[in-house]
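Some structures to go through are shown next.
The two complexes that follow have chain A in common; it is paired with chain B in the first and with chain C in the second.
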Partner chain A sequence: MLNKLRKNRFVKSILRTILLCLLGTFILFLLVQTLPGDAATRFVGKVEPEALELIRERMGLNQPPLLRYWYWLKNLLGGSFGTTMTTDLPVSDVIRLPFRATLIVSGFVLVGVVFVTLPLAIYEGAQMHPRRHILSKLSLMPAAMPEFVVAILLLAVLAQGAGWLPVLSIPKPGASLWDSPQIFVLPVLSLWLIVSANLFRRVAALVRTYASSAYVRDARLAGMSEWRVIFVHLLPSAAYGIGQLLALTVPYLLGGAVVVETVFSFPGMGYLLVQSINSRETTVVMAIGLIQILYTAVGLWLADIAGAKNERISQVV
Partner chain B sequence: MRKFLSIVALVCAVGILATACGGGKESGDDTAANDGSVEVVDAETTENNAGSEVADSDVGDQDGTTLSADADAASPDGSQPIRIGAMFAPTDTLDPTDVTTPGGMMLLYNLYDSLALVTDSGLEMSLAESITPNDTVDEWTVKLRPNVTFSDGTPITGDDVLASIAYCASSPNYQSILGVIDLENSFVEGDEILLKLHSPTSDFVVSSIGYFSPIAPQGKFTGIGAGPYTLVGGSPSTGYSLKANPNYWKGEPNIPEINIIQIPDSASQAKALLANEIDYAWGLDPVTAQQLKGSEEIVMPEPTLDSAIAKDLILNTRVAPFNDPEVRQAAKLTIDREKMVQVLLGEAGEVGNDVLGKGYQDYPEDLPQIQASKDEASRIFAEKGVTEFTIVASDTVPGMIAAAEFLVQEFEEVGVTVTIEQLEPMTFFSNMEELYQSQAFTFYWINRSPLVDFRSQAVKDSPYNASGYSSDNIMEQMAIATATPDESTRQEAIKEICIELNEQGGDLIWGYQKQLSAHRAGLEHINSFQSIPWLVNATFNP
Partner chain C sequence: MNKKTRQLQCRQKGRSLTKVLIVLVVLIVCFALFGPFFVPLVGDPHKTEAFPFDGGGPLNMGYDYLGRPVAAQLLIGGRELLIAAFLTAVLSQVTGMTCGLIMAVLRKRTKILRFLLDMMLIIPMSLSTLVIYNHAGSSLYATIPIATFFTLPFTSRYYAGNAEPLLRTGFYEQAMVAGDSVPLALIREIIPVLFRPILTDLGMSMISAVYLMSTVSFLGIANNNNSFLWPTMVMQNLSGLALNPYATLMPIFAIVWLTIPLNILIDQFSNRRRK
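Let's look at the complex of A and B:
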């Protein structure tokens, strides 16, 4: 019975995710259509109206937007992102390297968040004395700054000032991304700082709530070591809440990369998205949009699961 | 605790799984396909057709993004590999008919050679040994250089030339340049190609073939060409790596390797140059160029008018008030061009004189420069009852709206109120019919030789005759200039057109923005081809 309920909930989640993707991509498609100009005008610049019409026809831009969305969807269901409008390249080829680049950055940031930010936030949240909340106060600074300011500051200090890192986070032409690992440092550091600043404050506040509850106080009064209080008594209750907050940062790792990648000229998905919007490459924009929507959907789904558990626990606590 | 760890593990799994996908090569296909993404190949093992081994460019030894000059890769004359910043589009391919970005153009100019090239030093024969016209300049015979091969060692044939021209001429981006060739009646005869034209064209080599006539085996542009460099690897996301072509007809270039690095904007190029991450930055904007001036290690070459951006205010002769030649004259007398160029373009600027082609061989240098005369302009405007008009402006190239705002102040001084109507750059050129109904609008041209530009600017039925001005005299002089094989007759006809456009035309070309570049000391003998750096003769010893 319980298994059936879980199965139903899982199927519903999948259906909801599909619906979210459909709705999200449709809205994105309409938004791209509202931008001035199209791939044809961007591609040819000054050209005779007749020639422009021919190019529009070749690109399929003379068809109604709804039909074009349908064709895109049909391609997707057939397992393809389609081809670029101007040069007929498979979109999957165009996004392959940027996708990997962004995933590597996101992966490093996630590792940093899990192994550095969360432990520090949990430790600080568990401290009852306000004087020990130094990191929370310090994290206000990057949290209050716009993303591009954090990125530019790091660039100015670590690359232009100290000269420790390259100004451009671009791999060598034709080489693997791993051949130049130093190109990841600034994008990862910027994104980690931005993500951590917000996550740190939220996790510390959440842990603080649990730390002030009666059963944790009792554990301390019983003379248990601080580590035992945190790991055995506090964390099991706070785990789902922390998990929910962590899951909510997953979508940001892709979405937030847009600004950071642009500042460092890093050839990731965010940077590609900006370029593709500028050149009105609808198929590339849609592919990146779909990946981000999927990522967001998975993140929110995990956050929902963790949130539901956390709610039940917090009611008991 | 276990629950906490399982949630963290689940979230991490998404990221780590995804990160795992990031391993391995990112350069795409295994072969140099036409998708613009190619894998690094080991130059050491490549042999050319003649059996001589290709010089080892040893690109693998270079250190990450800094791409430091590798002593092993130096050419016999000591030149080092060079790193150049340029912008690519993610959709760039190795097909010249697709590419419009500066980085893409630079890549293709180096991969595919032309029959002839118009560089900043003038017209140079390249794959063609000679290109000669008949008496009526409507048939041109191209004689190929003997024993010239593509980079893979295959000999270049006349059929390759015709197929390449036919392919490029079918593209909208090259149609206006190569469309003059009657491909159906052109043919190959031995090592000669007879190109029949639709109409007599005396400047055919300069205006068509020399503009860029890329040649590829059987007209298939997959990265194999006869240019000075061959492709090592790269993609539009990161840029491309090229090595000197030992089969190049002129001999192997001095600089053994070119790395064109994807850098999207002028400011990033300047930062990278100062940080020694690139050696050559080009297409810089005036503000950025100014920032580079303080550095002792950086050289800023004197900018030229070759392919400069000519900035124009179109006085539309189709509608009032500029359908009256006297009102056009008043507008021309209103503008203090020197002040405008100084304020808006700085050292990158050159004063315009309402005619394109300044700096090129056929441009009449003795054409009188229009000077501002606000009193006279004021008098004419008052006499004609012109008190206001509208300028449609758009930043199709940076600074056009700023220029329109400057013009508003200038016209205010002669008692004319100007309103600016701004348009989105993306849609500006797709609304030409609407634009041709407005009183005045901002416009730009790429500065080329006068006759080439007049075909767009001054011919009656040209869709780019933005001002709508032409005359029987202009058409007659154009016919003479394009049909005569005699240079002095052509120059006289061009001069007559220039004088008429200068005095009565609807173009107010107030200035030229020259191409600015900067490079590390030690780079010498750089030429430019269609404003793109041309490093065939260059040496680089930093």
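Let's look at the complex of A and C:
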């Protein structure tokens, strides 16, 4: 009976997420329509009204917005993002390289978070060292600053000041991303600092809650080593809560860290998004927006599942 | 030194730090709000007086990418950001509290409202705010409604979570039994109890609004050469970082001076409340 209820709730949550994504894309489309000008006016600038009308007709911009949304949705259900308005290239080709670039950066940041940030946060939360609060206070600084401030300060110190890294994170023309691996360093470092600063204190607070519970205290009193207490008793309970917090970070990383990519001119999804909004490439904006909506919806759904599990565990604790 | 003496010393250090933070916050808020009055003493921010990214100039801060004095722009760059962020924070608290209390009172009957709030969560905020900012001709005040709209899922959940336990208390039930309407009982009995959470969340909303407004004005300059907002100054002068670092670093310093002490102060206040 309980399993049937859980299965029903599971199916309902999936259907709800799909409906949310669909409506989200519609609202996004409406928002993009409110931008002044369109791809035709941005592409050609000042021309005769008749010429502009011809170009708008060629780009399909003379059709009603609802019809254009319907065609976009039909394309999407057929497995295509459509074509760009100005160059007629498939949108999937246009976003392939930025998507790969953002995936690579996000991968490195997640590795840094999992192998550096989380262990430090767990170490702080488990109250293992008398000077533990230093880490918490240090993490407040990058968390207190807007993202572009963190990115520009790193740029000023490591690139402009020390000259260790390139100022712009742009690959050489025609070369692959891996031909100049140093272009990844500043975006990865900035994003890692920003994400870590926000994640650190929450994970430490979560671990601290579990560390002060009776069964952990009993394990310590029973004479177990601190590492055994953490890995065998503390972490399994805190894992779902930590998973929930990580799940909420992924949409931010994979959705394209717009600001950081703009500062370094890194050719990721965020940078492409800003360029597309400026040039009114609706199809590209919708494709990137859809990817962000999907990541956020799935991230929130996973976070809800992990949170529900965490709630059941914390009720026992 | 025994434990009590150590605790007393820690508390005294904490109080001194709080005083220093308050002074820093007041100083930067006064600088942002009253700075425009001192612009005539420093120079005309609209006038090109030197080569792009030249050194020297008023207060030795040099000139920006169009040869205009950086010092004068710095004096006027904070007011709009601060006022827009404050209005966003206040508006988001009022709307969030209203939604949150409705969700707390009506509970299961608010499925549609919760669904709509979840929908706002998944629409990328930076994208939608950027679109509105572009649409509004680079005016931060125009982004206030959209920024309020998109913080609604967070603030409403926060207030719903805080108000739900209070609706089961004796004093609320007594008010209902005495014949008070639900809105009146909420205003008289529940909202006064939520005073500290409101203050804490107002502070957090203020910081979030400063971040959002800074990010939007950093990204969405929309060819507006007469915008002297601190984040816009950072973006416009970034290319000249090697030539005149003051044009980029002084507005960054101003933003950091605003956000870090405010953040630490709010953090201390919410920690004290938790104890």
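What to note about this one:
Keep this in mind: the second predicted complex is superposed on the first by the 297 of 317 C-alpha atoms of A that agree within 3 Å, B and C clash if a C-alpha of one lies under 4 Å from a C-alpha of the other, contacts with A are read in each partner's own complex, and residues count from 1 in each chain.
One rule holds in what follows: a contact is a pair of C-beta atoms (placed from the backbone, for glycine too) under 8 Å apart; a residue touches a chain by one contact, two chains touch by 3 or more.
Bear in mind that the values here come from a model prediction, so they are computed numbers and not experimental data.
Applying the stated contact rule after C-alpha superposition, one finds that A:L300 touches chain C and leaves chain B untouched.
In the superposition on chain A, contact of A:L140 is made with chain C only, not with chain B. In the superposed pair of complexes, A:N75 makes contact with neither chain B nor chain C.
Of the two partner chains, chain C is the only one that A:V258 touches; chain B does not reach it. In the superposition on chain A, A:F148 makes contact with chain C only, while chain B stays out of contact range. Once the two complexes are overlaid on the shared chain, A:S92 sits clear of chain B and of chain C alike. Of the two partners, chain B and chain C, it is B that touches more residues of chain A.
Applying the stated contact rule after C-alpha superposition, one finds that A:I277 touches chain C and leaves chain B untouched.
Residue contacts after overlaying the shared chain place A:I27 against chain C, while chain B stays out of touching range.
In the superposed pair of complexes, A:R16 makes contact with chain C only, with no contact to chain B. Residue overlap on chain A between the chain B contacts of one complex and the chain C contacts of the other covers 35-36, 160.
Contact residues on chain A toward chain B in their complex (touch as defined above): 35-37, 40-49, 51-52, 54-55, 84, 86-87, 89-90, 93-94, 96-101, 103-104, 106-108, 110-111, 114, 118, 159-160, 163, 166-183, 231-232, 235-236, 238-240, 242-243, 246-247, 250, 253, 265, 267, 272, 275-276, 279-281, 284, 298-299, 302, 306, 309. Within the complex formed with chain C, the chain A residues making contact are 16, 20-21, 23-24, 27-28, 31-32, 34-36, 140-141, 143-149, 152-153, 155-156, 160, 255, 258-259, 262-263, 273-274, 277-278, 285, 288-289, 292-293, 296-297, 300.
Contact residues of chain C toward chain A in the complex are 115, 118-119, 121-124, 126-128, 130-132, 134-135, 207, 210-211, 214-215, 218-219, 231, 234-235, 238, 241-242, 245, 248-249, 252, 255-256, 259-260, 262-264, 267. Interface residues of chain B facing chain A in the complex, by the touch rule stated above, are 1-5, 7-8, 10-12, 14-16, 18-19, 21-29, 35-40, 59, 62, 64-67, 89-93, 95, 98, 100, 172-173, 175, 232-235, 237-241, 259-264, 268, 271-272, 274-275, 277, 424-427, 429-430, 432-433, 463-464.
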